[in-house]
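The structures considered in this document are given below.
The following pair of complexes shares a single chain, chain A, combined with chain B in the former and chain C in the latter.
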Partner chain A sequence: MSLSSQSARPLACLKQALRQCRAERQQQQTRSYAAAAAEVQYPSLQTRYPLPAKSFRTSQATKQNRFETGMRKIPVAPQVPSTRKLCPDPVAAVTASQISALDATGARTRLFSQENPDRARVGDILLVRQKSGEPFSGVCINIRQGNSKIDSAILLRNNLTRVGVEMWYKIYSPNVEGIEVVQRKAKRARRARLYYMRQPRHDVGSVDNIVRQYLRQRAGGPMNNAKGRDARSNKKKNNKRGRN
Partner chain B sequence: MPPRQATTRLFALPPRFLCPSLPVTQTRTIRSILKPIPKPSRFNASQSLPVLGSSHTAAFERKEHVMPLRTGALAIKKGMTAIFDPETAKRTPCTVLQLDRCQVVSHKRRDVHGYWAVQVGAGAKEARNVTRPERGHFAAQGVPLSRELAEFRVKNEAGLPPIGSKITADLFIPGQFIDARANRRGMGFEGGMKRHNFSGQPASHGNSLAHRLMGSSGGGQGSGSRVLPGKKMPGRMGGEQMTVANLKVMQVDKENGIVVVAGAVPGPKNCVVKLQDAIKKPWPDATWPPAIETVTEPLREATEKAPAAA
Partner chain C sequence: MIQLKSMLNVIDNSGAAVAECINVLKMKRAAKVGDRIIVVVQKQRNFGPESGPGGSVSVSAANKVRRGDIRHAVIVRTAKKYSRPDGSVVKFDDNACVLINKGGEPIGSRLNGIVAHELRGKKWSKILSLAPMHL
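And then the complex of A and B:
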């Protein structure tokens, strides 16, 4: 690039200046790239896309309806109140309404409630008055209170005409008019079910004498048990007739 | 040529040996006596033609008289308890079912779909868990999203409640009978004794390792030496829909959505049960619904509010 050529073609210097500029720019670019590469220690860890928002959840992104950009919005009607939330346990509700109807005073529930310290326990002698038929008494050898409270039942054992008799009674049955504790067991039974009393050496036999004594005592009290007496007298008469 | 004309003209014609070119009618059969059966044209689809027995229309008409008049309800089986009758002291084991957000989602119409049915939804789902097509179906009807969907066939258009009607427990009247349909409990692979009530084999008398086997599966050479199709054998038991018919409705609680029916209902606890009027009993004397409550009102309010807000 001589001076002579410059004087001969005045615009040639412009071309040369532009070339110079381009070369410098390229050099600058390469220098900046080199600087950036030196800063990044682990290029593989560099993010290629902008980072997600702070509230982003991967589990939500996988759900197909999370992002519906550019689509027509589908209206969703609001839900009506749920009966399931209003009544989470319908079985308990039905059972409770049954029990409240069958046991309005709550006496039967209390007699066998775990919270009641004076509750009837296994080993006690109980008397069950029935709506139809004679009252039955015996030693309570099992109290069944499963998941279904309405089906709570007691198993009474007695001897009738020297034959062992066991009867199950549902405590909430409308056929059961009342349950009375005739005699409590002296010592707390150490079993939940006293099935050993079926064995001859443990069998207490008939409890009729104890029950008769209890009824006689009660007859003098304020709650006169005329009905029970009548029932017994009828029985005696019938027996006599049978013998004759 | 019809043969009858030939026979009537027989004596009008000269003897056969004089005109051998005439066609011979030698046999007289039932065809020559009977009127010719009109051949159905492919384009002969008039109203007067009888309905073919194997068609959809004939099947619909056959079933029409057992179709319930009213819709059913989708319920959840909650468990069992017992109810005492205070007068007779009779104890009845009962199943407690609950109706949760049961609603009429859509109709199936005879002219469009070929039958009359009510599409009923129950429960609820979150919108983000529902696909767009499904959300579109509910949005088109203007009802909230339901977790379960089922159809209840009805006899005619009168049995279709308006879309969006709430189906409450008082659909059923205490004392009426219903049919309960649900998927049975899955038993897995079971033997013939449990699955088909086979008798099994003796415990003793020389029996060895074959006490619960199904025994023979068919005859030998004289019977084809093969197992006939449909032979009851061990296999997968349960997990399929079954119907328990004629369950008596004991109690109904509209507020809590409780329906108590006498007896057992198929399926485990918390399974979905389809309840509808029993088809083997007289229809209940009910004109349901007494006052239609709809679930579509909230949506209308919401959609009216939305453009105003935007």
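And then the complex of A and C:
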């Protein structure tokens, strides 16, 4: 390097030095990378034992290595079959068994089942015969069939001695001997619950006359020729019916 | 559910028509059929045509109680529905009572109207036998 050239261009040698330096650095970098890939092994990342084979199963291994000779056999109860599988819908089964017990003939169920076109509906005049006590008759103003069929009941309304009386009867009650339809409503009621019949404006009053006539007709035989007989004879007849 | 200020129909021939409950005896809750209460007679019954010309004398003779009298009474009907042991439920359209004296004997000699059958279990058989009908 001549001094003259240095003096003429003071930065020329610096440029050369920089170029040389860059080339050296590049060389060094490539060498160090190659060395790292080949040589550096971190001890903390090494496995102490060889990895298990792909098909190795722990459960199988323990079974194979277990020795059963001389061991007492522990008695184990067999697994009980699942109740849920045996009886998928227990509530329905219980209800069915109860209904079959309380309503052996199925007449009561049929009288109020939704499938029956001739079922008793609200607005009909019904007569409930009881095992203990007198029969009660009245206009059916509500039929309650909740979630459990066995609990279903009817609400009858009547006027006794000019006082409105309402009675709920359970359809499947063992105390209820029979339910009869005395008279059907001429037109289908457009309400599910005829609570409006409690108002004096809509109250039908006593249905005893209709029921008495129905009982007389049902008794068959010689019809009491209507107006000729007095009330006493009717009563006698009714009593006889009651005993049957 | 009969409590203070409840109005009841009186269904005997003691001469009272409407009575107001002023106390329920022997308990701290609303009274029901067969319970004994104290009432004030609020309205007298007027005994129609037969007591018309006779005037006040016959009326006072027929009416054993007057308006404002304080009497004991037994509830025989409630508009609140109550259930029977067999599962049936009974509800009347009105509240009604029968006036009694302190000994428990009914003041009137006859009843007009249905009464509840529960009276038998509560030792009110006399009222039950006077009634034309019971349910």
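Here is the rule we use: the second predicted complex is superposed on the first by the 140 of 244 C-alpha atoms of A that agree within 3 Å, B and C clash if a C-alpha of one lies under 4 Å from a C-alpha of the other, contacts with A are read in each partner's own complex, and residues count from 1 in each chain.
What we mean here is this: a contact is a pair of C-beta atoms (placed from the backbone, for glycine too) under 8 Å apart; a residue touches a chain by one contact, two chains touch by 3 or more.
It should be emphasised that the depicted structure is a prediction, and the values quoted were computed from it without experimental measurement.
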Q. Now for A:95: first (chain B), second (chain C), both, or neither, which partner does it touch?
A. first
Q) Touching A:150, do we find chain B (first), chain C (second), both, or neither? A) first
Q.
For A:80, using the defined touch cut-off, is the partner it touches chain B, chain C, both, or neither? Pick first, second, both or neither.
A. first
(Q) Contacts for A:198 in the overlay, against chain B (first) and chain C (second): which applies, first, second, both or neither? (A) second
Q. Does the superposition put A:25 against chain B (first), chain C (second), both, or neither?
A. neither
**Q.** Partner chain in contact with A:173 - chain B first, chain C second, else both or neither
**A.** both
Q.
I want to verify the contact counts: of chain B and chain C, which reaches more residues of chain A?
A. B
Q.
Touch test for A:184: chain B only (first), chain C only (second), both, or neither?
A. neither
Q. Where on chain A do the contacts with chain B and the contacts with chain C coincide?
A. 170, 173, 175
Q. Hey, which residues of chain A end up touching chain B in the complex?
A. 63-66, 68, 71, 74-80, 82-84, 86-87, 89-91, 93-95, 98, 101-102, 131, 148, 150-151, 170, 172-175
Q) Given the complex with chain A, which residues does chain B contribute to the contact? A) 76, 78-87, 89, 91, 94, 96-101, 103, 124, 127-132, 135-136, 138-139, 142-145, 166, 251, 253, 255-258, 260, 295-296, 298-299, 302-303, 306
Q.
For a test of understanding, state which residues of chain A touch chain C in their complex under the given definition.
A. 133, 136, 153, 160-170, 173, 175, 198
Q.
Under the definition above, what is the set of chain C residues touching chain A in their complex?
A. 77, 81, 83, 86-94, 96, 112-114, 117, 132-133, 135
